[in-house]
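Same chain, two partners: chain A is paired with chain B first, then with chain C.
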Partner chain A sequence: MKKFFLELSLGSKISLFILVVIALWLIFPALFGANHIPQDIITGVQPPGTAGHLLGTDSLGRDVLKLTIAGTRSALIGPLVIATGSIILGLLLGSLAGWYGGKVDWIISRYADITLSMPTLLLAIVAAGIIGGGYWVSVLVMTILYSPFDIRLVRSAVIGEKHKPYIEAGLVLKLKTIRILARHIFPNIAIVVMVNFFLNIAYGLMSMSSLSFLGLGVSPGSADWGRQLADSRGILWGNPAAALSAGIAIIITAVAINTIGNNFVQKKSL
Partner chain B sequence: MSSINVSNLVVKINDLEILHGVDFFMPENTVIGIVGESGSGKTTFVRSLMGILPAGGAAAGEYEIDGENVPLPGDEKSWGNVRGKKLGLIMQDPFTALDPRTKCGKQITAPLPKGEADTFDISAALSEVGLSPDVANKYPFELSGGMRQRVVIAAVLALNPEILVADEATSALDVIIQEEILDLIVNIHEKKNTPLIIITHDLRILSSRTKTVLVFKDGEIVERGLTAEVISDPQNPYTKELLEAGKPGLRDVRLTFPNSKELMKAEHLNKHFGAQQALDDVNIDIFFDESVAVVGESGSGKTTLARTIIGLEQADSGTITFAKDCPSSVQIVFQDPYSSLNPAMKIGSILKEALRTAGRPESDVAELLEMVEIPFDFASRRPAQLSGGQRQRIAIARALATKPNLLICDESVSALDVIIQRKIIDLLICLREKEKFSMLFISHDMNVVRELADRVYVMKDGKVVEGGDANDVWNNPQNEYTVRLLNARLTEI
Partner chain C sequence: MAAAKFIAKRLAEFVVSIAVLSFVVFSLLFLSPGDPARVLVGTKSVNPDLLASIRAEYHLDDPFFSQYFRWLGNALHGDFGQSIKTEVPVTEMIGPYLKITVELVLFSLILALIIGLLLGVIAAKRRGTKLDGAINAFALLGTSAPSFAVGLLLLYVFAYLLGWFPIYGSGDGGFLDTINHLTLPAISLTFVVCAMLIQITRSSMLGQIDKDYAIFMQARGVKPLRITTAQLRNASGPILTSIGLLLANLFGATILIETTFALPGLGNLLASSVTMKDVPVVQFVTMVLAVMICLSSAVVDIAVYFADPQSRSFKRLKLGAES
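And now, the complex of A and B:
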């Protein structure tokens, strides 16, 4: 483990550190005093460096640093659920399509084509308009719309693997299909799937933040990076840190996730 | 007229020393053979002479062509005069050596300077390598492996190299084609007086063609001398082992006891892949305890036959029946030891899985490993930590875990070095005596077949052209194709 860490590039070390900090924000916001953020509308916007408020306060008088830390949960839980959900759908449908081929493949691939042709954000906005919006509706819509990428990826990886002699040896041993898929194919296509998992988290973070920015994700007033970015536009001169801290948090997290994902792949594929 | 003089050549790849000070002298107008197993450093040697070492490779030492010093490691500019012009390299794999999207004529003139390319006589170049002029307008995929290798040779000759190097130039080809290509290369040497270096893992192809031979092992030359002397009186123990392994065994005593009970009968098998008929009314049968071989070149349908019998392919028509009182338990050992084991699983798990399907206890792993002579602690290793021969032993153990009635070996030793090949063949012979299974052995190599088979079927273009007792087919082949196949490989050392 120590050796593994030492062999990481500088960029990966920094990324790893950032992700550890962000994970702490996500799991234990109370550690940073971000579980309870009092409002102080009367004092209102204060610039960074104000006593007691390192990054100042926003238009509701909330501490920007604490607000950003508290926003981690809402900003990242969604993308994590999206990436996990889409990978489960991808493994399930992709391996069915790749393994059985024929009609099964046709139906699943056309489903993937159709969902792939839909603009993600637009559909999330439409769904919000019809069902009434909300965080989890967006998560559901995006999970479904992200899954065709995973389906196609898993499908082609399964097709690439299934004619290899070690799989045929399994067929000759009359192993159950589920066992061949789970025990023989999945471990060998895990790398490509993991890459997409990391990419999906980063994309999901951007999409969910965009939706919140448009006012469709979380309810007004909630701590959320996208929401914070939108709400703080009006006070860009009063306290630039309010918008910037959310924006920077989004960018840094996305880059760190991609860097670690990339590093993971390079290590694994050696 | 050119000569090569190399002294104390040391090659490192990523700080790992591959060649430990090789001295090599090639006089003018000779043929030198270099022989060694994979990993012996013979290809690294040639690559360092051409300045095409893989990334991270560095060569050091003295290197002269025609008394002219070639700097090592050298830069791109100095190598530009060596590659192609001084040394022409014919590589192993004609299937990847040509650009699939460029016509053959253009590939032959591609290395020439612009002016020369326009006036170059492609037809003459093609006829020199025994191809008709219309090949110039064909794409590589329209040609067979042997024809592609001829195009490669024509492209190498286009630059008029002073010295020709053939690095395993025929290993990827069928036996009959192998002979043709080797003869072509030797003919060119004789006609043009171009010195020739033939690199191979197969001593047999050198015996009649080269005057001198070098034996590589672990990055060193362990023996050098006149080919005839080295073959008749090898000094180095490794050379002896190499020669022993290459000798076709003379097995006159049949292993199996006469058993008239039929295990499997395949009748009128037909199978198409698109327009190509892979199996054309094939009839074969296998008796209990018998070892049957199917011989043929690539494309003869022998592998399709094996896959059909085991159920990995479905025949278009025809029947396969197994003896009533025996469940049709068939297992297979594939050709490529590198892809036939799941890279993500440990050896122990691979074997346990096979044991479970047969309802045997997982503790039998120890017995299986002992059977194929692999130490027990290998159970916790992954395939990547094993050599090719060791992997093939594991594949055999996995197949035998279910105690099959029939074991199919689909070219199971062709990807291995001769000495390893010999050991695997010995293992199979020994296992068959102990475990009493029938065997269907698919191979292109008559020598291997001779040692393992009681009965032989010869296949060509999807048809069985000859079949019968192995000794009969060997001593008195009826079909003209069988004769050619035998002649191509009968060169005994």
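And now, the complex of A and C:
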């Protein structure tokens, strides 16, 4: 573990540190006093550096720093669910297609082709906006539209392995299919799936905050990075930090996630 | 006859995608909470007679699939119904919106091609240097930044602080004024979509740099620019494919950028119609954007097939980075 950490590049170390901080914000907002943010509508907007408010306050008089920390949860829970759901769908449908072949494979592969060619963001926006109940509807839409890549990945790994002697030996021993898949085939693709998991979180973060920026999924005034950007657009002059801190939070988190993801890619190619 | 087969397959995929999309888009009316007839009434005062006449006009009491095929038939004849808000047929109202979106997308496409190819080639030629590192970092930032966040940063710096560009709107319609108003939005879009082009150009150029022909050209004293051109031509397959994806991403990201800069384009129209639940407008704009997105990737795939024989086993890339 220590060796693993020392081998990381400087960029990866910084990214890891950022992700740890973000994870703390996500899991323990109370540690940073961000579980309860008092409003002060009468005072309203205050610029950064005001006493007691490092990044100033927004139009509702809320502390921007605390609001940004509190927004982590709404900004990241969706992407985490999307990336996890996409892996589950991928493992399920991908191994079905790869293992059984034939018609099952044909149907699942066409399904993957079609979902892959769908415009993800467009459909998520329209579905979240029209159906209502926004947040989880868009999480569901995006999970489905993100999964074809995982499906193809798992499918080709299963096809690549299933005729190798050690798998056939397992079949002769009458090992259960699920055991062969889980113990002998999935470990081969763990790293690629992992890289894609990180990519999906970063994409998901950008897409989900795009939706909340458009006012879909989360209600006005709630603590969410995309929403904060949209809500504070109008006070760019009074307190630029209110909108920009949310934008920068999104960008830094996504950069850190992508950097860690790339780190896995480089490890793999060594 | 592999070519005919490929084109047929790719076009079939396009048609199926659009058919599936049309089904999803049609279902929207029924997925929105409440009675479809009430949704179609909009903000007008509701009375039973009006609801009944709407039910009859839209055949809302027919079975779902027969309604779908009626809607599809009308849509194929260019009739998508009328906007609930303005009561104008939706196909007649989108002209000006479409113009702005197409201008913005073309402007960004040109910028993205110039910057993406240039930086990708430079990074490959100078691989391992600080310059390469800087370009890679720039691309990483581009893939990690949502367009609206970039847009807002640029807006703050160049429109508020420096005052170089107008803050919102699309201008008075004159050519220079349009360019002036579209520059910041186009730069934001370019920044987020050209990252992929930089990465793909860099990696496929890297594959050409140590090839025998390049070393031979160098040894014969051929000018560096000609060598680069030759390498770029050989590396063009994946690059061309990524342009289809880039165009698709542009049409997706434009929704956010038009909202950020208050540009009255298709994306802005979609976002506001979604908020107001103006379903016929949403259906039509979604179909227009979806057709453009799917068509641009299909056309580019087919073009690549003919331009670059090596690509015939090249796997298609993932669509999804359009935010």
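The working rule: the second predicted complex is superposed on the first by the 260 of 270 C-alpha atoms of A that agree within 3 Å, B and C clash if a C-alpha of one lies under 4 Å from a C-alpha of the other, contacts with A are read in each partner's own complex, and residues count from 1 in each chain.
By definition in this document, contacts are C-beta pairs under 8 Å (C-beta built on N, C-alpha and C of every residue); 3 or more make two chains touch, one makes a residue touch a chain.
What you see is a predicted model, and the numbers here were worked out from it, not measured in a lab.
Chemist: Tell me the contact category for A:I14 with respect to chain B and chain C: first, second, both or neither.
Modeler: A:I14 contacts neither chain B nor chain C.
Chemist: In the superposed arrangement, does A:H184 touch chain B (first), chain C (second), both or neither?
Modeler: first
Chemist: Looking at the overlay, does A:L171 come into contact with chain B only (first), chain C only (second), both, or neither?
Modeler: Touch partner of A:L171: chain B, not chain C.
Chemist: Of the two partner chains, chain B (first) and chain C (second), which one does A:L92 touch, if any: first, second, both, or neither?
Modeler: neither
Chemist: Which partner reaches more residues of chain A, chain B or chain C?
Modeler: Residues of chain A touched, chain B against chain C: more for C.
Chemist: Using the superposition on A, tell me which residues of chain A are in contact with chain B and, in the other complex, with chain C.
Modeler: none
Chemist: Which residues, counting only chain A, touch chain B once they are in their complex?
Modeler: Per the touch definition, chain A meets chain B at residues 164-166, 168-175, 183-184, 187-188.
Chemist: Can you list the chain C residues touching chain A in their complex?
Modeler: Result: residues 13-14, 16-17, 20-21, 24-25, 28, 31-33, 140-141, 143-149, 152-153, 155-156, 160, 248, 251-253, 255-256, 259-260, 270-271, 274-275, 277, 279, 282, 286, 289-290, 293-294, 297, 316, 318-323 of chain C touch chain A.
Chemist: Can you list the residues on chain B that touch chain A in the complex?
Modeler: 310-312, 330-332, 334-336, 339-345, 353-354, 357, 395, 398-399, 402
Chemist: For the complex, which residues does chain A have touching chain C?
Modeler: Within the complex, chain A touches chain C at residues 113-114, 116-123, 125-127, 129-132, 145-146, 149, 202-203, 206-207, 209-210, 213-216, 226, 229, 233, 236-237, 240, 243-244, 246-248, 250-251, 254-255, 257-259, 262.
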